[in-house]
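Submitted below is the structure of interest, expressed as structure tokens.
Going in written order, the chains are labelled A, B and C, and every chain counts its residues from 1.
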Amino acid sequence: MSLLELTDVDAFYGESHILRDVTMGVEEGEVCALLGRNGAGKTTTLRSISGTRPPEVRAGRISFKGEDVTAMAPEDISARGISLVPEERRIFPNLTVAENLHIAEVSENRSNTVGRSLGQVQVEHVGMTTEQVYEEFPRLGERKTQKAGTLSGGEQQMLAIARALKQNTDLLLLDEPYEGLAPQIIADVEDAIRRISESGTTILLVEQNAIAAMDISERCYVIDQGSIVFEGTADELRDDDDTRDRYLGV
Amino acid sequence: MFLVADGVVLVVALDRVITILLNGLQQGAIYVLVAIGLSIILGTLKFVNFAHGALYLIGTYAGLLVTLQIQPTGGRLADWGYATLGLGWGFLAALVIVPVVVFVVGLLMERFVARPFYDRPDTDQILLTFGLAIVVQEVFKILFGGQSYNFARPAWASGPVHLPVVGAFPEWRLYVIGITAVVVVLVYALIEYTDFGLVVRAGTRDAEMVQLLGIKLSRPYLMVFGVGAALAGVAGVVGGPLYAVNPNIGTEVLVPSFLVVVIGGVGSITGAVLGGILIGETLAILVAVAPQWSQVGIYLLAAIVLLARPQGLLGTEEVAP
Amino acid sequence: MRETVDDDTESFTDARAELQIHRNSDPVNLRLRLRYDYAGTRQTDSGADTSDFDPADRTTVSTEADFVVNDRVVFIGGIGLTHADDTNGSDCVRYSFREVFNTTMSAQALAPVVTDEYGDDLSFYQLYADYNWGQSQQESMNTYFTEAGWSQIDSVATPLGTSDFSSFLSQVPRDEADVLFLNHYGLDGANSLSQAIDRGLNEDVEIVMPLYNRPMAQAASGAIDGVFGTAAWDSQIDNEPSNQFTQAFQDEYDRIPSGVAQLAYAQTLQYAAAVERAGTFYPPEVIRQLEDYEYDNIGMGPETMRACDHQAHRAVPVVRGLPEDEQEQGQFFEIVELTPRDEIGYGCDEGPAAECDLGPYE
């Protein structure tokens, strides 16, 4: 059983049929990439998984740790251990860095109890502490009293990731984490993703930047016009010139 | 007011200026209390609550009934034989009980009126809440009659107090300023220093993201509505003794309070305080220099602010302390 | 013939008596409506017809006058709204009669009593509601108190819709002024008077409310203590017809009647009597019967409904508010004087009457 499974998912924005029969899975411990052009359905897939509406999932099933989460509210899905770092980061610009991190703790207890009740015996804290976050991302520690809106793009991305990691995360959904970042910063973010992966957190990475994504992921899906058109390892995708050319433009 | 380089004239002028400023403060105070509730509900829940004045109305009548014993002379309650109504427990009891009562009314209102309309357009919300305001007003009229009741100021604070410089000033109005200040500080602290406030501030900016962090917003939203309602309840109790009590007072307090929100900026508590003081002072100053323009003046002030800063003086979008 | 009397005399918020007369044979479907907006009926923003006793504005008064002319309804009124001088002065119409006194008569009745009580050569300061009635009232007060030897310091308009008069009241020069006239009616009056007392103005100046009504007194409660004013008929007027009416009303409705109740009953009877004398419901004939008619108004003594301006010339009760502990249901004033009609009023070529052109009968 995969950690996350999508089976024949059809999702709609109003009457527009966006995802068609999407079937994919993410295995525990891996970094999995979902690649595709702008508008291919990547973000819709992540939104479907995280429970945000729209889109409306009209058919198919999404399961996490074997539990059907298709119709669940986002806060309940989050409480089961899925954290989303959304497109454009969506940190709270009006709160300080410390407050942005602290708000993740407000839900932590719920996350622990609900998440741990799924067959695991021990209820324990697995999210990062604030100290650990500052250790991992020293820039955030330096700026903890600053309003998050005043941070640079890279710092905001770090903050968004850190916020997700403060939760009880088993699966981290990253939506275009490199978008709008300078190459040097991309390397930093990549580095952070690797370390998170090494610590045992499963990652589903959604990217337009296929080359960067292939660097750090083990398996890849390619989505186009709402359908999965490729599934395989990063190496297989690297060798599949036709798919890369047709669907990714690289 | 008369800045003449003559010591005597200046002293006379100073007491006039201070009196005007004090008048402005006390006039703005009630609007501030009502406006903060309106503002945080609009800012957080994106819900336009025209029935907020009805909460003030409920607060005032509840305050009247807890504080005093009244003899209803019109309305159904009198017809049903209630010759005397009310607990007569005094004002301090009302100041504690009424906010709790109106808080509960606010919770019910959120659950059964507001929540089903969160995803509806503003116009639907306005129609709904405006209608509700009328219904509440008419229900009070049916029960208590259309006439005005005298909400006597508490004995320990009625009549004038003789202040230095200013001279005689209605003592109750000083309490209004004081109670308002304390309540505002409490609400400020609630929003600024508690987890509840943190979630509210974050949710105002990006509700979906808050949910993605595993936080259920329905409870904080319920609380926001309850707190906003309780503030209107406090305003009703504190403001009740200032005016004769009748079923129209809710509607009458709503319009200036909306102006305060517009001037101060939606969602900003500091903005509501600033807006309330500005409106109060504008009224007080115009009464002193051009009395006939005093009512028009506050609308003019709102128009000028809107032209210069459409989001209001301290408005961004989020609830900010 | 159907008669509906729906007089909420305890609240007086929307007291009205309506007499509807239908004569199918008559081409004119005649209705008489006696509308006693003692309390005043105001349209709120919500469009709901909320009865309270806030003064309606001038527009309402004119609209009613138009209505009277166009619908050919004989209108016999009224109190409060129609206390302004213009109603039976420049705005007078053939189809409207006014039984109640006006601002001139209030001032005429008050001046001797108030100057007698407080002394000569005093200074007064006025606040007035900024619409037709308030303007009319403050003008009348200025005219007749200046005539009596007092002098006006200032007269300040308060915009309609003001419910917090405290800033206005803080402007009253309490060292300079001896007397303060609060030309506010109904709810406005209850608010301004209470707020004046709360500010301690009564410690330095005497306050006068030129026109009282019962709901206002009820809402202002203890604030009216010792404050002079005029009022329409009051149950405190102690004479045979007055007491008889009070008793009859109490037997029927179990309440003490207010001024509006007296007005409603008295004027309904006046109209009925006029129809009887005319032998028809045809309005021009009924109007002719009402004009210059001498009658004895319940408890108020002899009155004339003057032909030249349709204004009743009548006695005016000058009253003084009772202390809170002496107030009872329906009893708020002591009658200081029932100023007889020959001490007040004006000729047909004087004052407001000089500007009156009633227009045609048909």
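Everything that follows uses one rule, which is that contacts are C-beta pairs under 8 Å (C-beta built on N, C-alpha and C of every residue); 3 or more make two chains touch, one makes a residue touch a chain.
These numbers were taken from a predicted model, which means no experiment stands behind them.
*Asks:* Compare the CA centroid of subunit B with every other chain's and tell me the farthest one.
*Replies:* A
*Asks:* By CA centroids, point me to the most central chain in this structure.
*Replies:* Taking the mean of all protein C-alpha atoms as reference, the closest chain is B.
*Asks:* Distance-wise, how many Å sit between the C-alpha centres of subunit A and subunit B, to the nearest whole number?
*Replies:* 44
*Asks:* Report the inter-centroid distance (CA atoms only) between subunit B and subunit C in whole Å.
*Replies:* 35
*Asks:* Averaging over Cα atoms per chain, report the distance between subunit A and subunit C in Å.
*Replies:* 77
*Asks:* Using the touch definition up top, name the residues of subunit B that touch subunit A in the complex.
*Replies:* 195, 198-199, 201-202, 205-206, 208-217, 316, 318, 320
*Asks:* Can you check the complex and tell me which residues of subunit C touch subunit B?
*Replies:* These residues of subunit C touch subunit B: 8, 10-14, 39, 44-46, 48, 50-53, 130, 156-164, 166-168, 170-171, 174, 187, 190-191, 194-195, 197-201, 203, 215, 218-222, 329.
*Asks:* For a test of understanding, state which residues of subunit B touch subunit C in their complex under the given definition.
*Replies:* Its residues touching subunit C are 19-20, 23-24, 26-27, 71, 73-75, 78, 130, 133-134, 137-138, 141, 145-150, 152-153, 158-160, 167-170, 172-173, 242-244, 246-248, 251-252, 255, 283-284, 287-288, 291-296.
*Asks:* Under the stated contact criterion, what part of subunit A meets subunit B in this complex?
*Replies:* Listed in rising order, the residues are 50, 52, 73-75, 78-79, 83-84, 86, 90, 92-95, 99, 102-104, 106-108, 110-111, 163, 167.
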